[in-house]
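Labels run A, B, C and D following the written order; every chain starts at residue 1.
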Amino acid sequence: MAEIEELAAAVREFSRERDWEQFQDPKSLVLALVGEVGELAELFQWVPAADAVARFAVPDRQARAAEEMADVLVYLVRLADVLGVDLGAAARAKLADSHRRFPAATHRGVAPHKP
Amino acid sequence: MAEIEELAAAVREFSRERDWEQFQDPKSLVLALVGEVGELAELFQWVPAADAVARFAVPDRQARAAEEMADVLVYLVRLADVLGVDLGAAARAKLADSHRRFPAATHRGVAPHKP
Amino acid sequence: MAEIEELAAAVREFSRERDWEQFQDPKSLVLALVGEVGELAELFQWVPAADAVARFAVPDRQARAAEEMADVLVYLVRLADVLGVDLGAAARAKLADSHRRFPAATHRGVAPHKP
Amino acid sequence: MAEIEELAAAVREFSRERDWEQFQDPKSLVLALVGEVGELAELFQWVPAADAVARFAVPDRQARAAEEMADVLVYLVRLADVLGVDLGAAARAKLADSHRRFPAATHRGVAPHKP
């Protein structure tokens, strides 16, 4: 089984054992995801942009950031599972689409802008 | 290579080819992630909670949700890569930790609350 | 002075006294706003949609929600001030615009959808 | 009537005329708020932190940022109204509390950290 699918199965089983599926409707899961994204944002809010990579190379801070990103991923994977979406495939399809929409030749060094 | 690591490598290569690494400092990537989470939230905002799963089982809407979740995942994977974090390992560690913090026996049917 | 302008002046003075203006560039303020929105989302995440108003009528919970909304407002007002935006006027202009875009006669009972 | 209360009354009336109150439960309003915060974040995501104030001083971009901040405020004000919260009073109470928690003498030049 692919890694993301395995993770989805593990989170599903975790939720089932605790009878937590009743709480995990899509809107609630998006709100939970937002809560975790908020915690991730808080880690970086007052750090000077140019120092962020160096500061978060310190093991304790890296572990803290890893934890918040893990929380985001777990809820994202759970949401995809509840909606019957193959998240790994969707990400690969999106990347293939980005290759088409942003050819390297014409987009080198230019930040993408929403249409 | 594991799936998430492969995805990280593909996004890194995509960014490198376009010389977009200069834009992808952690704070910018968190803001980009927030933008995609916002698009995901918009899909669900006015849908009655109880209807969300059924409504998003319709292929067009499922594909739309899949796309927004893919965008979130791509930025999350990129952020982890920029910070040198093994996102898959972090998610598995987090889930193991949740097994310890929320024993099924005592947490069945009770929504978790932040301490 | 109008209420929002007064609030902006108070937050500006608070920041100046602590020499915190150096941290309050727009990207950092948006990340701080996201952090507070995350805390607000967490309050509601596992509450059944139909029970949310009743549950948050309980004084303690109402006070908690009020605090998180206040945090969001303070950062929003600060961001507007840093960008030289008259937030109250912008909100009134937006509402006037919504009156034009969503005539009551044609939009009664129909949730708005993004174009 | 104070400015924020007036704005709340105008948004309430707008919602009532369109029979949109049925969609505006707290969870839906938080998701709508998240959607608007996402649009705000997108404006700033790839802008170098040090250039953000100057770039958004250009009238068109300032108007765009003002609009997104207005959207955030309108949903925040609506959520507070639905929850029976006096948002202006809550913001002033929060600021008074911050004066106590962060005395200028000891916090000058030091970014606040969550406890």
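Convention: contacts are C-beta pairs under 8 Å (C-beta built on N, C-alpha and C of every residue); 3 or more make two chains touch, one makes a residue touch a chain.
Please read these numbers as outputs of a predicted model, since none were measured by experiment.
Asker: Comparing the two chain pairs, does B-D have more C-beta contacts than B-C, or is it the other way round?
Answerer: Taking the two pairs in turn, the one with more contacts turns out to be B-D.
Asker: Return the distance between the CA-based centres of chain C and chain D, expressed in whole Å.
Answerer: Distance between chain centres: 2 Å.
Asker: With centres defined as the mean C-alpha position, give me the chain B-chain D separation in Å.
Answerer: Whole-Å distance between the two chain centres: 25.
Asker: Give the residues of chain B that touch two or more other chains, as numbers and ranges in rising order.
Answerer: Within chain B, the residues that touch at least two other chains are 23, 27-28, 30-31, 34, 37, 41-42, 44, 46, 49-50, 111-112.
Asker: Chains as vertices, touching pairs as edges: which of line, ring, star, complete or other describes this one?
Answerer: Basically all the chains touch each other, so complete.
Asker: For the complex, give me every residue of chain B touching chain D.
Answerer: Of all residues in chain B, those touching chain D are 23, 27-28, 31-32, 34-39, 41-42, 44-46, 49.
Asker: Can you check the complex and tell me which residues of chain A touch chain D?
Answerer: Checking each residue of chain A against chain D gives 27-28, 30-31, 34, 42, 46, 48-50, 111-112, 114.
Asker: Which residues of chain C touch chain D in the complex?
Answerer: On the chain C side, the touching residues are 2-4, 7, 10-11, 14, 17-20, 22-23, 25-28, 30, 33-34, 37, 40-41, 44, 47, 49-50, 52-53, 56-57, 62, 65-67, 69-74, 76-77, 79-80, 82-88, 90-95, 98-99, 102, 104, 107-112.
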